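Working notes, beginning with the structure itself.
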Amino acid sequence: MSRLAVVVFVIICAAFALSWAVRASVTEGDHAMRDAFLVTLSAFMTLAIMSFMYRDNPYYKFAEHLFVGISAAYWMCVGFWSTIVGNLVPRISENLSDFFKVPYSGGGLDFDLFFLAYRYFYMIPIVLGILLLMRLVPKAGWISRWPLAFIVGTFAGLNLIRYLQSDFINQISATFVPLFVEWHGFGDFFGQLSLAADGQFLAMMTNLVIFLGVICGLIYFFFSKEHVGWFGGASRFGIWILMITFGASFGYTVMGRISLLVGRLTFLFRDWLGIIS
Amino acid sequence: MNIFERLMQLDRRWVFLLLAIVCVITYASSFEVPILVEPEVRSIFQFIDTLPKGSVVFVPMDYDPGSMAELHPMTYAIVEQCWRKEFKVLITALSQNGPGMADQAIREIVDSLKVPKTYNGVSYPAREIVNGVDYAFLGYKPYPAIVILGMGQNFRLPFPLDYYGTPLDSLPMMRDIQNYSDIACAINISGTNATDYWISYGQGRFGFPLAIGVTGVSTAQYYPYLGSRQIFGIMGGMLGAAEYEELADNAGNAKDAMRVQLSAHLVIIAFVIMGNVGFFATMRKRKRGLAEGGR
Amino acid sequence: MMKQQIPRLIVLVFGAFLLFQFFVPHESSEWIYEFLLDWTIIIGVFALAVGIWSLFNVHVEKIKTKKFGWKYSYVTVIGFVGMVTFGFTSQNGQEWGWFFPFVAAVLLTVLMIVQAGATKGNALPFLGAAAFFALCATVIAWLDTTWSFYFQTSVPLQSFMFRRMFDNILISLHATTFSLLAFFIASAAYRAFRARNIMASLLLLAALVVMSRFNPYLEPIFGEHVSRLSNWLMNVPNLAAQRAVIMGIGLGMVATALKVVLGIERNYMGKG
Amino acid sequence: MRHKLKLVLVLVLCAWTTAAAQTDTALGDSVSAAPALPPPLPVTNLQAFDTDNDHGHAITLTWEKSADDGAGENSVLAYEVFRWFPFQVDVVDALRKSVSETRDAVRAFRIDLPRAENALHELSEDPGKLRTIRFNVARPSDSTFELTVDYAIRALEDTIAFMRENAPILKNRTKPLQQDLEKALARLPQAHANYPKDGEWRSLGKALVGSTTYTNTGSKETTADGFFPDYADLYYRVEAVTVDESIRSEAATVGPVQSRGQWFHTGKVPVLGFVLMFFVFTLTFVQMAKKGANLYVRPLSGIEAVDDAIGRATEMGRPILYLLGIGTATDVSTIASFSILGRVAKRVAEYQTSIIVPCYDPIVMAVAQEVVKSSYLDAARADDYKQESVFFVTNYQFAYVAAVNGIMLRERPATNIYMGKFMAESLLLAETGTLAGSIQIAGTDEIAQIPFFIVACDYTLIGEELYAASAYLGREPVLLGSLKAQDWAKVVIMAVALIGMLGTALGWPAFAQMFQVTG
């Protein structure tokens, strides 16, 4: 640890101690010291992470490792309460539910399935879960593939159908756009041809572009055909349209991301420094 | 090494610094910015506005504090509007770190309902919002996809208890709410990919009217669903929130934040232009360099 | 056989079932379906343990090999253990009593165990120390009545320390990390948005148009046309391209899922 | 117009009735002077049948409008629908109610008892805590009452004694009640069969004027109040109601009808069609591939970059960072990423460089470990495999990002490969990677994130390319065959889209309707 680092460290400590004191003096309520400390603490965390923009440094390393530890713990506690106690226990045993003081949901479902009480079938996932734990035993690790296979298989089946319907059939039927909007024959069409935004001509152009865009986009994703000739042209048009879209979507996003920064600024300047009301 | 080359190899930290300075300054100052409302936001507002009294609006707040800044304003505007118009609101938080924040948000909105207010010329009296009567908050369960499917069967399936530990059946408003067939519409305000599940698992399988409020980043992604009428409206990021606040005549954080956003925008655009100027200037030089090298 | 065939069979059976379940509205299929969804959640519970184990392994390993930045692994361990302790205990009344000494004792116990795992030499002294601190912790937990363990109800999730750790550390770290995006977007735009070739230029132009449309200040400069153009971009090419991409993705997903169910694609499952 | 008429009608009626009332009081029997409106004609052709494509527990009624619907002064305002309920239903409801109430009571006791005991304990230790104890003691309501310590202690003791006494009794009551409920439920169909004995007609609700259909649906849960029995003989009747509730047509009755669940959802035929199409395509081309038909695949720059990247890493003696994203093992994109990881790991093992795989989800980690391990086996370098190279970081998006960013800056991987499901973290990771000077290859199906990868990475696989990648890297004919199948599916899409568009243009909606998936 170089002298400079020590100096910086001391300065930073002093600064935050000062801000704590100031904060405490302006906070009212009987826990002023404590609340002030908490605000200062989260301000420190905020700045520690932000310091990453300058370069990797001990303060960022500290914040990062703390973040990992605490978040994992948080995830574990919430998982324990919401999943084990919330979902598993009420289904498997009435006595356990009594112990955990959650209502026993097996009540209504308490019928027999294949001459066995419904709730006993919840032993299967528990067994699978224990098999998953066998990973921790080097020799028997392979058996953990069974639960993994169960999860992967189940969701492969589920997703197969789900995406077929939502990403696929619904989208196809959405491409059935009328190419001739309120068509009354050519005479009528050329009779009142206008470039107005809500005009018939533009509406038709729009639909045409959408349709071509979809087709060319799909052509771009062809793998087993060489992209040459008209095919290549179409696929190039497709990728152009994709690029336009990605650009637009990027531009759109810039909005949202700044707002995150605004949130932090509000914290730093209002809640911590109290400069802005 | 001329100015343009410098421009090309400008250290990104300068970009960071300038952006930070601009944001802070505009944040500190205060001036109004004009807001132009989009039809896809208006449609949400009008759908809710024309619902009959007492209908159930389902507001899944599937975001966590990370996207709070962007999505909270939407929630505040919509839920307040619902309660002002005496609808019942059903809330879930299918994001791991959502529940605490959602709970806090609900409390704040409840407080804001305690004072009479006038929106768009209509003045509403103060209301006392009661948990279980005017709203039910179901809380969080992992695996959004599964939870959404489960609720389609019956809300009690994934949520035997609500967030506060009360059995759903003992909440007055949940008595006659079994599943999606009992809700007027769902406004999914989400910062996670739960929105996909809402569209394909929820709307796709059970077909209730669904509108979404999403972070700016994912907005573009959901326009096709608007086209295929799987959703009837989109609020995109801070801008969408600001537009809704504009419509609901209920100014909140979104409109403030717009200020910073717009100026930050200008900075970024300026940098992009600078970068390209530098690029073209040096490109000519690079070409010349090559030609000389060739001679 | 046990290592290969049975997993493949499991995948096939459950995959096929959920595939057909979709077409069967009948109650009985709903039963089994809801049932399977429950199973997944429950199995996920056990994954918790696997994850935590791996987490500790990594950090013990780091400390053992004195890998670059190994000291910070202690921070992670301390954060984890502290948060878990807060997540399972809660005050009974107002005052704290010996709660924090207890937390300290627990921390020291775990640290000693970690040390015992990490040391290359004799681990016994560390284990001894661990036992000692564990004893202290037990004694405190036994005698002190101002707080108690909650293994029955989720009270601790609302308990003071847990909430504070969440609100003041987790949230601010989370939100700040997220907010770095604002800066990264700026630098990325500056570095990458250069009209190198036609595709890059299209990307750049579309982005600029959309960005300037959302900016009422640029309205007077470019006039109505920009906003109209960007709306057109969002509603026409965007719609088309998104649709194409979505269809492609849907296709890829369906194909992959089908390959998995049929056992054509089995790379995700280990061999041997 | 019709509504105006109704309004007028209402007003007239109101006026008339009040007038009648007055005249009543004035002179005895002048009511007969008032011409009573003739009742409207009943609905005709009333039919009841089980609702289609559902899990049962629903009956749909259809009828033809009453001749007086929207007609002159005795116009119909609504059709009221009745169902015949055997009294057994009330028995069931009562039992159900008492079961749930008992449960709630038992539960309440379980939660309150320890609290009360704790409060008593605290209070007896230190009377000063009278204000702070977490249990509100039962006390007289009058405001003058002053709560004293001994009173509180006595009250607490009483409460505790009461609970201790009653909790077990209640608990023992729940089981028999439950059984009674089940028995009662079992008797329901029989009771329905007894029509018209031991039962009565009950109103289900009103269908507004002009409507000719009504669906009576209920819950499938026997524990829910709105339980609707399947396979029970149900009887319905519909009456046309006018402004004046008392003036209504005579009832049209229908029944018996039973509700049942269907075994196939006819609304989902298109989906089934596509499933079969896929199935056939995949199998056909896989067979072709196995027979050794050589299948061309166009080059993807992103894929070719992978090999060079691994080589580069070997030269620099730096590791390769492979991220599976924040998806769980339930996301298809993650599964696709697994197989890509398999290919990459195999190459890595062959080149004898090292790979780092930080994981976001423990199950994903478990699978990834299996994948990498087996790749090392394939490369015949099983002993080079280190379990720690595939590890779990945390299941919290931005903590994961922070940690991975740290890894990037400290391990300085030569190559970062991002494959799978990425959300907001995409740019955070990719920008840090650029800063660290790594070659970056990304592929995701999150449309919103693709732009960021395109901007910040050297190569990006867009959407479907991610799913094709594993086939590209593996070069196994079977997988290439499935690629071919995907392409043919695209051809079908285009054809369908074209036909559909022309169909809508030339006024042939039938085709488009074929693709409307219901339910």
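By letter and in written order, the chains are A, B, C and D; residue numbering begins at 1 in each of them.
Basically, contacts are C-beta pairs under 8 Å (C-beta built on N, C-alpha and C of every residue); 3 or more make two chains touch, one makes a residue touch a chain.
All values derive from a computational prediction rather than experimental measurement.
When the interfaces B-D and B-C are ranked by how many C-beta pairs touch across them, B-C comes first. Among the chains in view, A has its Cα centre nearest the centre of the complete protein Cα set. Inter-chain centre distance (chain B to chain C, centres taken as mean C-alpha positions): 22 Å. Rounded to whole angstrom, the centroid-to-centroid distance between chain A and chain C, based on C-alpha atoms, equals 10 Å.
Chain C and chain D have Cα centroids separated by 23 Å. Taken residue by residue, chain C touches two or more other chains at 19, 22, 30, 40-41, 44, 47-48, 50-51, 55, 69, 153, 166-167, 170-171, 173-175, 177-178, 180-183, 185, 187, 189, 191, 193, 203-204, 207-208, 211, 214, 234-235, 238-239, 242-243, 245-249, 251, 253-254, 256-258, 260, 268-270, whereas all remaining positions touch fewer.
Of all residues in chain D, those touching 2 or more other chains are 111, 221, 268, 271, 275, 278, 330, 332, 335, 363, 366-367, 369-370, 393-399, 402, 406, 410, 424, 447-448, 450-452, 454-455, 462-464, 468, 486, 490, 493, 519, listed in ascending order.
Residue positions of chain A touching 2 or more other chains, listed in rising order: 49, 52-53, 61, 63-64, 67-68, 70-72, 74-75, 78-79, 83, 87, 101, 103, 132, 135, 145, 148, 151-152, 154-156, 158-161, 163-168, 170-175, 211, 214-215, 218, 221, 242, 245-250, 252-255, 257-258, 260-261, 263. A complete topology is adopted by the chain contact network, contact being made between every pair of chains.
Those residues of chain C whose C-beta lies close enough to touch chain D in the complex are 19, 22-28, 30, 40, 44, 47-48, 50-51, 54-55, 57-58, 61, 68-69, 92-94, 153, 173-174, 177-178, 180-181, 184-185, 187-189, 191-193, 203, 242, 245-249, 251-260, 262, 264-265, 267-272. Interface of chain D with chain A (complex): residues 99, 103, 107, 110-111, 178, 182, 221-223, 268, 270-271, 274-275, 278, 295-298, 329-332, 335, 363, 366-367, 369-370, 393-396, 398-399, 402-403, 405-406, 409-410, 447-448, 450-452, 454-455, 462-465, 468, 480, 483-484, 486-487, 490, 493-494, 496-498, 500-505, 512, 515-517.
Chain A contributes residues 49, 52, 56, 60-61, 63-64, 67-68, 70-72, 74-75, 98, 101, 103-104, 107-108, 110-111, 132, 135, 144-145, 148, 151-152, 154-156, 158-161, 163-165, 168-170, 172-173, 175-180, 183, 211, 214-215, 218-219, 221-227, 242, 246-247, 249-250, 253 to its touches with chain D in the complex. On chain A, the positions that touch chain C within their shared complex are 38-39, 41-43, 45-46, 49-50, 52-53, 61-81, 83-85, 87-88, 91, 99-101, 121-122, 124-126, 128-130, 132-133, 135-136, 142-143, 145-161, 163-164, 166-168, 171-172, 174-175, 197, 206, 209-218, 220-221, 238-255, 257-258, 260-261, 263-264, 267.
Interface of chain D with chain C (complex): residues 53-57, 111, 118, 122, 129, 132, 134, 220, 230, 261-265, 268, 271-272, 275, 278-279, 282, 286, 330, 332-333, 335-336, 338-339, 342-343, 361-363, 365-367, 369-371, 373-374, 377-378, 388, 391-399, 401-402, 406, 410, 424, 427-428, 430-431, 434, 445, 447, 450-452, 454-456, 462-464, 466-468, 470, 474, 478-479, 482, 485-486, 489-490, 493, 519.
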